[in-house]
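Paired with chain B in one complex and with chain C in the other, chain A is shared by the two complexes that follow.
So, the complex of A and B:
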């Protein structure tokens, strides 16, 4: 804010806005979106906009609202060194003016702070930290205060999660948001929980992570949080076994839909890989794993064909092969080691033959893929009736399939002709 | 992300001037307070592109992570599709042809306007259905005759403008954009340009 305002007016206005925001939070328990709307000149009305369970601030008020809230907030924190020296001075001045009974209005915020009772102080700190994290979710100081207050049982779990979601609606890729969420959920999981509650928490958290991932491309923090949730719930003794199955199924469905629409979002694919690894643990033999993964390889194949030139798809394919092939090879060597003498029964022969067949099958599939990508795209590159965007993606496809062939050789020593 | 944001149909009058006939939008992925401005900008850009495309011509313009595809039929009926850059552009152009054919078959487009086409829902249905490009695969196969070389490609919106024209001026002059949208545009400009001095 460039204009030189009178400090009094500044102070009053900021306090009024804070008041307005608090009222909105008191009135409306189901706010689901926060934003800052660019508005150049300030009119006489309040910069707080509240429609349809959405909250917004007009951009002109943000700079001084933030610095005012920050000042007031840091002064309320006990035994903390405030970086700017003048805060300390102001504090001293403030307390003298209270003693003298004459209140200098430009030290007003110190005065307001010192007049509060302990309960009021906590409430004010919570309100101020709420505004601070809405405006700047990277301020760890404010989040940490809320953590302390949560431990002292000043807030409700639900309300906190709600606030975090609100912050994430404007800044979906803030790491602090997800760290705090994780902290809250960990905290609540340590307490005794009943079955319904577990399911409720899980579904809601998954939705929150999904929303953030949708809002920002390759949202690492959101996907990492989701992975953490998955592993915590699947590995935790608090979670009943039948619910673990439900989790895996619903997450698989969710991820199926996701990859169809987000073909170059590697964070989303990484989550899918974790999910597939978890699902493979449920399969009792290598056959089941083989089926699960060949199905996934088929899906990946159709995406590679449909969307040429997207590297994330090829990396996903690498993961699938790198997971599956060593498993088959291990099975093979185990069978060999167990039988130093020539195999006697038919059944043993069959198992051995079966694994060998599967590896050959996979190799054949990769060969076909690389070959067909190369032929299809080579003809597109030479085609005069094709424009340069198609040519670009074709060239990328050729590059990726050649890289893939090279990788297959390095990994499994499969020789694939790629010229 | 593979996504369609807006599909709209325009009429280019022979005497000049371009009229929006029908627009349909899917803006759920934008924030509530931005949706209005985003929609205004998509319409503004679409109209601008229609005005700068030869009758019978096709153009595709990339702007950040968005793509705008335009098709103006020789008789002046035009369609514009705004999609994500990952949406297959061949499918997009096929959709434009289909949208124009549909609209011409269902309405008397030469006299129509947004009012008379209020109940024309085919564009909304199309926008929703082809969010998944798998749906459009069959469509692409039927219309294999699309000649890609005739599509003129641009890497930014500015590349479409005529000599001496500036996007900032066009935005400032536009009547279709509210003051709030213009403010959004200015802020976005400032934010995007902070790295290049």
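So, the complex of A and C:
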């Protein structure tokens, strides 16, 4: 393959590499990682590396392999115009030499496809689409083919999930990966609804989403998938109630852990917010919700104080307040409307007083927070002995707290002195 | 108004008569048209059948439908189509291929066998829905059947073979690859009935073929020429000895995956099967140089040899082959890790090298170096050489070989120099108005 020749010079090579990859998939059912390693082609060695359940391709073969697979794949699809140029002509007179189950190669691209029986075609399309999505997870065409094949029961649910995880191990941030995963899970939930299975599916999917989130900072798609899972399983009738509770608890623990370590990952916080609103649904009165959210506010406060200059924390705080305060206010107005006459019982009075107190308490807290941030950071900014990184974050902190004060005024008309 | 209606009427009448006497029909007698149609393929015939009533009759005449291959339409073919064709073609149909037509079932083939009793060559590969009923019908009606391909028809059992043995005495070619529920009993019935059998193909992964089966074949079918028992792991040397003794005409033998065979097999072949031209023995890892020495000494017509994974063979085997097999065209030595440059040198100097040798597979032979390629420059007919994973081979070595043999296809893991063509078809880069401007 050394010299430049006809455009098909890499044809045999690409077929060989495809064959090698297929062999690896056949041999090893528990591959857990795929990647492309940057290597120049120097020695006469297979670019498919398979070590310890990890699969890798040497980078030099990727452009050739991809364009070859794409060409062959699109030619196999019915009614496609893409690169179907001389397909029809060769369709009739193409000769095959299928030997030992592998596909020989003499004439060019098209012949490989032309004399295959329908079953072989399906298998080849699946193999090609697997390579395509491994190399380029954004190719919806290949994903859609797999969807079609899945509906026609050409492959197993477990195998597909496994492949998706493999793709995600290289590109954790690809949206297609999670769309396909979502599609698969939806499909399987419609079909089999056994208790054990449900728990198994849930934990495995959560793990997969967690892994992807871990692999890429602020991985919106992974967290969104996780949110979808949470809402589907909590909202679905197929899920027993006690399992829903365990879901919530385990997810809360998981999220606590995550938030501690990733203070500026807004996607993670967004998931937490969804989780909190789900949990608040389980609380029977405002008091419970108040307790849940004040605890969260306190956690948030300590994070804000410990890690200055992270906007995600402030946005999370906004969400908490925006969720909690209107709830309290609503309670307040309801009580007022119900009792045009002066309060009679002590207890009702207490409730009313309580809500009012709570709002005042929250307001006071916010005031304290903004003030303390401003004073602490103002002194830091003026201090000449502090390095510029700290100064930067202090400046940011001041900015965010001022913004926060402004937002509080816009939202609740709480006036906080921010000078 | 009335007038125009009248006119229409006249015109349509005219059209009919015009069709009957249109120029081509006038000039050519029907026999000649029929003769012309007999050269057309299925698609063209069906188009012609839509031209006119007269042509419809001619195009669908049975004499045009002697040989039909429906592989290109595999997904569209339903049972009804086959039944229609059978009715149209009747006794004319001699050769039918339904390869890959998965929706064809027993009832269609039943009608077919009743209508087309002159069928000689029937290919049912991958018709997974057919069962023994098909074969029983065939045996009842198709006494002329010579070739039958049942590859991957997984519902076929011993009953089928029994019926074929009773009803198709002229059977010459049978393929029962991947029909995994057949047993030795079926082979026994088949071999007793079809003594003219020349080709017996039964590929599988871990197949039912054992020594018993082979001895039935050896006893009853002395005319065997082509035998493929790929994946018959239970076979031992005795079976091959029996086969070789009673079937001296064998020229093609595939014993890929029969890992219990030893040199005795090769000795038997060398002693009795002098016409052997193709030997596929992938994974027969007990074969050694001794066996091949005998084989090369006696079987001078050997053309293709697949010795992949025969890990014990050394350069000596190549020396014997070089001196004993002047017609050698294809030689596969993949994973034969003991082969060195010296063996290739012997091969390069052999009488077969200059004219016959076309394909040489040396992938995963770690000792091969560029020197081997130098020894091969005299092989003018060499079209393909496999060098995957021969890590001592360099780009420079391949380039030097290419200088001598410009048309050779060299397979190795070296990146091509030309960049790959862009992917995604030719999408227009500019909108139309920009092109116009």
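Just so it is clear, the second predicted complex is superposed on the first by the 385 of 419 C-alpha atoms of A that agree within 3 Å, B and C clash if a C-alpha of one lies under 4 Å from a C-alpha of the other, contacts with A are read in each partner's own complex, and residues count from 1 in each chain.
Following the convention adopted for this analysis, a contact is a pair of C-beta atoms (placed from the backbone, for glycine too) under 8 Å apart; a residue touches a chain by one contact, two chains touch by 3 or more.
Remember, it's a predicted structure, so these values are computed and weren't measured experimentally.
With both structures placed on the common chain, the touch criterion links A:264 to chain B but leaves chain C unconnected. Contact with chain C, but none with chain B, is seen for A:13 once the two complexes are overlaid on the shared chain. Of the two partner chains placed around the shared chain by superposition, neither chain B nor chain C is touched by A:284. In the superposed model, A:54 makes contact with chain B only, not with chain C. With both structures placed on the common chain, the touch criterion links A:151 to neither chain B nor chain C.
Within the superposed three-chain model, A:306 lies in touch with chain B and out of touch with chain C [touch as defined at top]. In the superposition on chain A, A:118 makes contact with chain C only, not with chain B. Every residue of chain C that touches chain A in the complex is listed here, in rising order: 71-72, 74-75, 99-100, 102, 125-126, 256, 282, 387-395, 398-399, 402, 409-425. Within the complex formed with chain A, the chain B residues making contact are 1-3, 29, 31-34, 60, 65, 86, 88-90, 131-134, 137, 147-149, 151, 153, 180, 183-184, 186-187.
Residues 33, 35, 37-40, 49, 52, 54, 56, 59, 169-170, 214-215, 217, 260-265, 306-307, 310, 384-390 of chain A are the ones that touch chain B when the two sit in their complex. Those residues of chain A lying in contact with chain C across their complex are 1-5, 7, 9-10, 12-13, 16, 41, 43-47, 60-61, 63-64, 66-68, 70-71, 74, 81-83, 91-92, 100, 115, 117-119.
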